[in-house]
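There's a structure below that I have some questions on.
Letters A, B, C, D and E name the chains as they come in the text, with residue numbers starting at 1 for each one.
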Amino acid sequence: MGNLHLASVRKFYGTHEVLKGVDLKVDDGEFVVFVGPSGCGKSTLLRAIAGLEDISQGSILIDNADVSHAPPAKRGIAMVFQSYALYPHLSVRDNMGLGLKQAGTPKAEIDQRVSHASSMLSLEPYLARRPTELSGGQRQRVAIGRAVVREPKLFLFDEPLSNLDAALRVQTRLEIAKLHRRLKATMIYVTHDQVEAMTLADRIVVLSAGKIEQVGSPMELYNKPANLFVAGFIGSPQMNFIEAGRIGMQGLKTLGIRPEHVTLSRVEGAWPAIIVYVEHLGADTIVYLESETLGHVTARLFGEHAYAPNERVFVSFPESHAHRFDNDGNAIRR
Amino acid sequence: MGNLHLASVRKFYGTHEVLKGVDLKVDDGEFVVFVGPSGCGKSTLLRAIAGLEDISQGSILIDNADVSHAPPAKRGIAMVFQSYALYPHLSVRDNMGLGLKQAGTPKAEIDQRVSHASSMLSLEPYLARRPTELSGGQRQRVAIGRAVVREPKLFLFDEPLSNLDAALRVQTRLEIAKLHRRLKATMIYVTHDQVEAMTLADRIVVLSAGKIEQVGSPMELYNKPANLFVAGFIGSPQMNFIEAGRIGMQGLKTLGIRPEHVTLSRVEGAWPAIIVYVEHLGADTIVYLESETLGHVTARLFGEHAYAPNERVFVSFPESHAHRFDNDGNAIRR
Amino acid sequence: ADATVTIESWRQDDIQVWQEKIIPAFEAKHPGIKVVFAPTAQTEYNASLNAKLDAGSAGDIITCRPFDASLELFKKKQLADLTDLKGLENFTPVAKAAWSTDDGKSTFCVPMASVIHGFIYNKDAFDKLGISIPKTEDEFFAALDKIKSDGTYIPMAMGTKEMWEAATMGYQNIGPNYWKGEEGRAALISGKQKLTDADWVKPYEELVKWKPYLGDGFEAQTYSDSQNLFTLGRAAIYPAGSWEIALFNSQAQFKMGAFPPPVPKAGDQGYISDHPDIAVGLNSKSPHAAEAKTFLEWVASPEFASIYANALPGFFSLNSSPVKMSDPLAREFVSWRGPYKSTVRSTYQILSRGTPNLENETWVESANVINGTDTPAVAGEKLQKGLDSWYKPAAAK
Amino acid sequence: MSKARTSHFRTGFVHLALISYTIIALFPVFLTVINSFKDRASIFRSPMAPPNPSSFSLIGYDTVLAQGNFGLYFYNSGVVTVASIFFVLLFGAMAAFALSEYRFRGNWLIGLYMAIGIMIPIRLSTVAILQGMVATGLVNTKTALILVYTAQGIPLAIFILSEFMRTVSDDLKNAGRIDGLSEYAIFFRLVLPLVRPAMATVAVFTMIPIWNDLWFPLILAPSEATKTVTLGSQIFIGQFVTNWNAVLAALSLAILPIVTLYVIFSRQLIRGITAGAVK
Amino acid sequence: MNDKIDGTVIDVRKATRWHIGAFLLPAFLVYSAVMILPLAETLRQSFYNDVDGALTFVGLANYKVLFGDARWSHDLWNAFRNNLVFFAIHMCVQNPIGIALAALLSTRKLRFAALYRTAIFLPALLSFVIVGFIWKLILSPIWGVAPYLLDLVELKWIFAPWLGRTDSALVALSLISVWQWIGVPMMLIYAALLSIPDEVIEAAECDGITGWSQFWKIKLPLVLPAIGIISVLTFVGNFNAFDLIYTAQGALAGPDGSTDILGTFLYRTFFGYQLQLGDRSMGATVATVMFLIILAGVSLYLFTIQRRLRRYQF
């Protein structure tokens, strides 16, 4: 119950191919996160799964049944839209309760589920308001609540937390994780937030330009990116890519090293560099450097550091943490 | 040119007070970021500055002129709406160019500015499309582009990057910073993203329930939060709050310690604790602990660590990094 | 430049006759005057004409409805006084009555034509069924019975949907035989007779008897339905006005004849409705009054009478000088003028001056009587009551 | 191609319902048209039968086309209708925008004032209008008709458009204001394109009474040079006419141009792209 | 605590907003000059009457006649009653069916939608002359189309010369008028339905709200203002109607006045008919009364219903 199988799903808008053959199996109860650059087709894929978008080719199976041509209502899903899509004429309470009411759920249970969801999302004070009277973040939470109360077997979330502040985001993220554990529902989740992706996902699917680049657990992607794209996409700040030839390494094209593995020293180190810019984030300090041999290098240092632009420092990194990529950009496994 | 002065600005929706007397001076060319929990009134304040919302009391001065009652067009501002508010019937190009066209800017210059903005926002392939044919992130970038091309003296950004992926977000953030330097325009920026706030802001304004809690440079807020609210709001994961009484400290109510200052050890330390949950983010590891004396504690460790739930460890933190708060939640300065 | 004289009219059907016959004949004789015939739909004519006259944009020559409608225009000084127009002497006072003041002193339109009521019948059908022309009421109904029992034809083509058929082709057609034409009409106007009197109710009683001989669903049968029923040969008798002649000639594929309304008893004096219908007058604000008068004078001439009556068989000239007509059916109608006494429709003069309007009420009641909504007696009462509400005849004072 | 969103059953039902009503709507028109191609006897004998070789006849059309200058009439009707629609839409939309967008004293009063026009038939004031036209020398010009029709159409346009304009997102208009658009630019560049479906609807509603009007052409512009089609073809529909061929032919002919106009306007009904304007 | 401030918002933009005037002016001018002034001039006549050939001010005398005189008031109330029936039939038949058709038409990805729309709207494009003519023919017992069709479905026995019967003519005409005008509510509702954003409908689909319940629960509430409009337009249209009855039944609105509505009554009075001369004064009086009736209805809508209708911005 609740498993999902995408078999070479393709989608055209006119002649423009947005999904270029997506194959994916999601197990029942799994939490899968889609990530990828803006415009790569995440929402389109989600909408295709929901049945809101006809797919041009391929098939979609939910619970082993081919639903490629079934209407959304028949697919047993709930969806949080990137654009919220709240019912403008209904109060927050009714926005959340309408689907249940339609399904004939007893009133008492509707009330109970709605009040549970709204307390989970801190929406209690707004239950009687209409969407126009809510702030952006509040609307987004209503959209989440509307999906959550229905407790279907398959959840589709399209960037559900993008308008929430950090604290609320953490809290809601934890609530979604809890919900996932409680309902054992399958969840497909689109996000741009690395932390969300890393913490929520059983598996992350990295999409790029309508194709899957890599599928794997968060740590797998972080530690063993399959190619340059994934390596660059996962992790913020981005991985440093260094032309292998420049530092005299053979048998590979590019060397990748994450900013957190770069160390700086004022006195000694492998390569001299000049600090271009420093960002103080409180818990970390991000240092942007320019090195003659390495090119641009970003270093992420734990805690606060008193580096300043134009200072000359030495850059080092442990080769053990380096990623190697061949001419095609694919990772070279050791 | 471009300075802003809010004098006890208040705003009611019906009888519901959303802005409870906001006072703020923003210098010409300053970059000010508004942060605060969802629904605290950030958008409302921004809209009031833009002249889209009548304020119920107080006054707004731009360039030392009282514009409290001036129409938006007369205020010389550009704004990115949280809801984008793109013109659905116009192409991306025309969405960006309309304001300039209206102002009678020569066609060549419009083209030049639009193409500059769209290359900065990676929107070139979409210039001929209409908003409905764009992904969420692309729409958001169009909204940014529309504000950017106008190059006014005062920019208002309402969560402009919330739908962008990490890489694009960093890139766009840098572009905005660059723009700020180039135009020397005043910018007011609402965001939920701590990194954005910390890196972009000259000053951060922390709002809560329609009131300003603290105004200061990022590091000031991070290192010297004025009260519990600010301390808890700035920094992710949240600062740990420990009841001072429990660990036998006098003269204060609460002790605050940031997760990155908590250290864990399997062998020795100040307080024993049990690991509840571990999040592996790649570059960091977040460990959630439960200690009999301290209560919930979150620790943020640099790099990857092999801690697992239910493990017993010792928690320590350097008192030098601790924040002290009195009974009213205000910080006690040393 | 030529002066252009525009004629306002409701006779759209005659547009060809005017353009091809009448106007060329006039213009040939009067170079320098151009005439334009500008008809309006008959249903809109009165309203639009009144508006145009009030605003001053009406044409030079106004086609006149008989009696009050035109009298009203004359009173408002919108029609010029034509009493002294050369050629009016060609008309008898009776002919001019419909377009003269009540006292007969002033005349404001040049009479053009009258129409005669009667019955047109399908000669082929009559021949086939061996029916001869009914002279009396009894013969009339005997003929109808015969047609009905044969079943090939609907005995009589008339509907009540538009009401005026029932009133004009029914009541006004046969009525004069009962109220004795002008005699009864004058008595009604003077107040000596009432619509509740037997002479006036009797025609309704006759009309009731028509009902079984009308086509199925006659209640919803329109005027053009009736015309088509007859001209397509599906009905045997058509209660008619002479104005149908031209159209019927062109549409019917069978031989037609006509007979006047049958008299109640053999030997009774017969009456026919010979109703002045159309005339032309002069817009008093006409910028081309002189030219328009020239035209009107020509209309009063025998020449016009002859062209008009022959071009539009069924519209009989009111000119005193006899007109030679070629159409046999028209000749049949006009031949009744001698043996039968002529009268005009009872409701037209004076009695329809107020509200409720007797003519319109008569439409409603005639249809009601045939439909069975009202009995003849009730109809008479209603009509009289309506009339009493505004009309105070001299005799009643 | 697949249709994921609607089940076949539902689609089938929808088509069935629509086809049923379409038949009801079209049947009388269909009857008119087929009979206009038949000779008079066949019209009567078998009204439901389509024309066949023995009953086919173009006599009706011959009669109609022989009468008057129909090309010119069509041209006049076209000019009058299109010009009136243009002014009705322009002026009506402008006023509707003012009434729906701004709060000002007397707003509702003006709204009510503007609605009076749909409450009394304008025909009643014929005399006064005609007097005005005589005074200004506009009798027998198309301008007179256009003026009257514009005035006649404005109230309805305001009534409908102001309701639709209220549904245009404020954020969008505000975005325009911030972009420095003047109120005029907001109206012309943002609001008008967004209420296009409503504009098309109003255009169609305005067009019908204008195209079919008999009265004002008769009163204000009856001259041969300014005659409209309805006035020109009215000749066949007068009370004493039984020439059904001509009547049916004239009716069939009269349907054509207005349907064409309708199709042109209803094209504009295609989705006014609004989704995506707001998040 | 701060001193409590009144929460109401005063529109504070003080600069004279010339653009409001500019937007209103063209419509206002044309409309006032060509419509209102002449109308006022006409309605003014209801206080005047022809006394001895001169138009004289008579105060409310005309109204006294209209309401006091048995014949006048009988006609007036008869017309008013018939008009109510006429209106009720439109509201109960035309608008629900029109809305339903619009709902069906707005089904997404419907093929031939434009075709259906044109077909259903077609009757509204026809002039009254055509409509009156063609329906008289169809319902004519002589021509036999209606009986023939009814015979096909074994219902011939219900056929009657409906237009000629006092008990059925008004209903028959109302239904003809419904047939003619059904496209109007359909078009308006259709336009309103078009402006509902796709995503709201999609959300409903995902929520399992489909078909009729989607229509009732999502679409209908969102187009309620448009339904308000069509109700008012129906009301105004019906109480002003006259052409159809005029062409189908004649100015006397037979049989026996059974199809007489305010519009026909007014036209008969104002413009006259056949031998009856137009009576501008009484006509204006009737027009004023009609105007007041309609104004009352419209005001009722504007001030009670329209204000309560919520509008949603998309």
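The rule is simple: contacts are C-beta pairs under 8 Å (C-beta built on N, C-alpha and C of every residue); 3 or more make two chains touch, one makes a residue touch a chain.
Here the structure is a predicted model, which means the values were calculated and not measured.
Trainee: Going chain by chain, each one touching the next, work out the least steps from subunit B to subunit C.
Mentor: Minimal hop count between subunit B and subunit C: 2.
Trainee: May I ask which two chains are joined by the most contacting C-beta pairs?
Mentor: More C-beta pairs are in contact between D-E than between any other chains.
Trainee: Please report how many Å separate the Cα centroid of subunit C from that of subunit E, as a whole number.
Mentor: 38
Trainee: What whole-Å value do you get for the distance between subunit B and subunit D if each is reduced to the mean of its CA atoms?
Mentor: About 54 Å separates the centre of subunit B from that of subunit D.
Trainee: What is the distance in Å between the mean C-alpha positions of subunit A and subunit D?
Mentor: Once rounded, the distance between the two centres reads 53 Å.
Trainee: Using mean CA coordinates as chain centres, what's the subunit A-subunit C distance in Å?
Mentor: Between these chains, centre-to-centre, one finds 92 Å.
Trainee: Give the residues of subunit D that touch two or more other chains, as numbers and ranges in rising order.
Mentor: 3, 5-6, 44, 127, 169, 182, 214, 234, 237, 272, 274-279 - these are the residues of subunit D that touch more than one other chain.
Trainee: For subunit A, jot down the residues that touch at least 2 other chains.
Mentor: Residues 51-52, 71-72, 83, 136 of subunit A each touch two or more of the other chains.
Trainee: Can you list every residue of subunit C that touches 2 or more other chains, as numbers and ranges?
Mentor: 43, 228
Trainee: In the complex of these two chains, what residues of subunit B are touching subunit A?
Mentor: Listed in rising order, the residues are 13, 35-39, 42-44, 82-83, 133-138, 141, 158-159, 162-170, 192-195, 198-199, 218-219, 222-223, 232-238, 258-260, 279-284, 300, 302-304.
Trainee: Hey, which residues of subunit A end up touching subunit E in the complex?
Mentor: For subunit A paired with subunit E, touching residues are 47, 50-52, 71-73, 77-79, 81, 83, 85-89, 98-99, 102-103, 132, 146, 150.
Trainee: In their shared complex, at which residues does subunit D touch subunit E?
Mentor: 3, 5-6, 10-11, 14-15, 17-19, 21-22, 24-26, 28-29, 31-32, 44, 47-48, 87, 90-92, 94-95, 97-99, 102-104, 108, 110-122, 124-125, 127-129, 132, 147-148, 150-152, 154-156, 158-160, 163-164, 166-170, 182-184, 187, 197-198, 200-201, 204-205, 208, 211-212, 214, 230, 234, 237, 247, 251, 254-255, 258-259, 262-263, 266, 269, 271-272, 274-278
Trainee: Quick one: which bits of subunit E touch subunit D in the complex? Just the residue numbers, please.
Mentor: 11, 17, 19-20, 22-24, 26-28, 30-31, 33-39, 41-43, 97, 100-101, 104-105, 107-110, 112, 114, 116-131, 133-135, 137-138, 143-145, 148, 179, 182-184, 187-188, 190-192, 194-195, 197-199, 205, 211, 225-226, 228-229, 232-233, 236, 240, 242, 263, 266, 270, 283-284, 287, 290-291, 294-295, 298-299, 302, 311-314
Trainee: Spell out the part of subunit C that touches subunit D in their complex, as residue ranges.
Mentor: 12-13, 15, 38-44, 48, 51-52, 54-57, 223-224, 227-228, 231-232, 243, 247, 251
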